[in-house]
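Structures incoming, each one as structure tokens.
Shared between the two complexes below is chain A, which pairs with chain B and chain C, respectively.
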Partner chain A sequence: MSKNQHDRAHHAKKASGVGDPQCFRGEAGQAKFKNGDKVRIRDLPDIFYTRCQVYTRGAVGRITKVVYESPAAEDEAWDNTDHPEWFYSVVFRQHELWPDYPASYKNDTLETEFSERWLEQA
Partner chain B sequence: MPSPSRSALMRHFDLVGQLQPAYHQPQHAPYPDAIDHAKYRALLRSSHDVGGEPDVPIEWEEKEEEQWEANTFATCECLAWRGVWSAEERRRRQNVDVGETQYLALPYYGRWLLSAARIIVDKQYVTLTELVNKIDEVKSRYEQKSAR
Partner chain C sequence: MSDTHKAAPMVDEVSDFEILEMAVRELAIEKGLFSAEDHRRWIEYVHTLGPLPAARLAAKAWLDPDFKKLAVADGVKASLAVGIDWINGPPTKFGTPSDYCSFRVLEDTPKVKHVVVCTLCSCYPRTILGQSPEWYRTPNYRRRLVRWPRQVLAEFGLQLAADVEIRVVDSNQKTRYMVLPLRPIGTEGWSEQQLTEIVTRDCLIGVAMPQPGVTSNAKRPVHPAVHPIHTGH
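Moving on to the complex of A and B:
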């Protein structure tokens, strides 16, 4: 895409005076999940770019917060903001992620964010 | 797409670890039948997603921010204010598009600076010819100065 065909300031114009991700509020539709839902991380192809850590794929966690609406990293990394999604904060038991995690720390958890496309009901 | 089994994922990390420079294995110019699905996935992964991969500890040193690093940060922010890239596009370019070797081997702000140069060429704000000529000009000016 050459600069002549694309308004490179579109994101700045939209967020100006409002903030990001606030400028995407109301654009993602109904949230598919809610607080407390058990979810499994999907294994979508991760070619070219993603911020969904590979070590979370297939692991089961619990949603602690429905955080905001925003374009997914996979879209925004090419300056596309057309399809905002809900983002969720998900907490995992460390032992769920790392088989060798010491049993004496069985209450340890890890919390991280995902856009909706990466989650399925568990 | 179904979820992966967790044990397949742990095998993935082992394989990726072997592809890193420190654990080199022969892999140049493979014939197509040398690439199975597991190896294809390991090769195609995003270079910044290192969580879970085996590696040696990195020594941490306290250091002051250098002037070129502050200048690089300011330049990259200006490119964002002018709509040349968003933070996510910048991260994609400096953490993934640079490739495995540069991601691991260049200093943090070195990757920022390289990506800033790359995007102004990619998006046709300057041509590579103009950039190369400018680097050459600055280089010879600097060499003349330091010769004195």
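Moving on to the complex of A and C:
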């Protein structure tokens, strides 16, 4: 770990007056995806902690907004803020998530955010 | 005091979560992560929060197309116009690790209706909406809204036509959301104050639509417990 392990306030110091996730701006490098990209949610191991809901795994959606840079929740949960990633807001057709969603409501959608590691080009 | 006397309980019930909160808080204070004074200031700040600023933001957006554009593009910046500074408002000066400073205003259209949920826990834009209602935090709402949105909205009294796209927004990372509902007919010529009054908390979560004359959240049915707790007091 690059930072002092006992500095439990490092997050507060970094974010004060700037905000979180704003304090990670510029730290994630080039974004891999852009608005309109079709992506599939990867089914990565999620032992200990995740914020990537299981109901989205394997589903294909479309990126509607490249939202911010931040450490992935899976890292941040362990106070690891060394490798921020781009986050994306992805929209799915409900039918893609729930195959028996009624066809008469085929327009219905669901939107949620993912860190870059969870996405692959579809 | 006789041996048989039992002291009256000071509160009816202390839940496991309240005990857990006290234990963690006391440990954090002992460890010096924050002081008891910090905690008091935070609680006092939290008690000043409510849904009024978000309602005013919606009313302003209805009246001013430029402000609506700003609100949809940059919710944090637009919040300043209703007195909410996401970054410097909270005593921490950086939001909190659960109320991040990423805020999106979801604009409803006649063909798209947004509704917000946090399937993981209870993420909620508390800075601008205050504390979430109890039902918002229940597993029942969280797990059913993503799967059966139309049925859940119908339970709230909101039935939508099949050609309206219901967009459930699952708030499970750092962005917090409010819904900017459609301005209802019958409010032509209304002032910002009049419009603010009909934008209830439920409208801002997306489970209700504003209506002239309706200025409070609909009552939720409360069912008596099947197996009520008997404390023995």
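Keep this in mind: the second predicted complex is superposed on the first by the 117 of 122 C-alpha atoms of A that agree within 3 Å, B and C clash if a C-alpha of one lies under 4 Å from a C-alpha of the other, contacts with A are read in each partner's own complex, and residues count from 1 in each chain.
Going forward, a contact is a pair of C-beta atoms (placed from the backbone, for glycine too) under 8 Å apart; a residue touches a chain by one contact, two chains touch by 3 or more.
These numbers were taken from a predicted model, which means no experiment stands behind them.
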Three-chain arrangement built on chain A, chain B and chain C clash or fit: clash
Partner chain(s) touched by A:Q22 [first = chain B, second = chain C, both, neither]: second
Touched partner set for A:H10, first chain B, second chain C, both or neither: first
Partner chain(s) touched by A:I41 [first = chain B, second = chain C, both, neither]: first
Partner chain in contact with A:S104 - chain B first, chain C second, else both or neither: second
First, second, both or neither for A:W86, with chain B first and chain C second: neither
Contacts of A:Q53 with chain B and chain C, given as first, second, both or neither: both
Contacts of A:F33 with chain B and chain C, given as first, second, both or neither: neither
Touched partner set for A:A73, first chain B, second chain C, both or neither: both
Residue range of chain B overlapping chain C upon superposition on chain A, of 21-29, 39-47, 111-119 or 129-137: 111-119
Contacts on chain A seen with chain B and repeated with chain C across the two complexes: 8-9, 11-12, 53, 55, 73, 98
Interface residues, chain A side, partner chain C - complex: 8-9, 11-12, 15-23, 51, 53, 55, 67-68, 70, 73, 87, 89, 91, 94, 97-98, 104-105, 107-115
Touching residues on chain A, where the partner in the complex is chain B: 2-3, 7-12, 40-50, 53-55, 57-59, 73, 76-79, 98-99, 120
Chain B to chain A touching residues, read off their complex: 1-6, 9-10, 12-13, 44-46, 49, 51-52, 81-86, 88-89, 91-92, 96, 123-125
Contact set on chain C toward chain A in their complex: 31, 33, 76, 86-88, 92-95, 97, 100-102, 119-120, 146-147, 149-150, 162-175
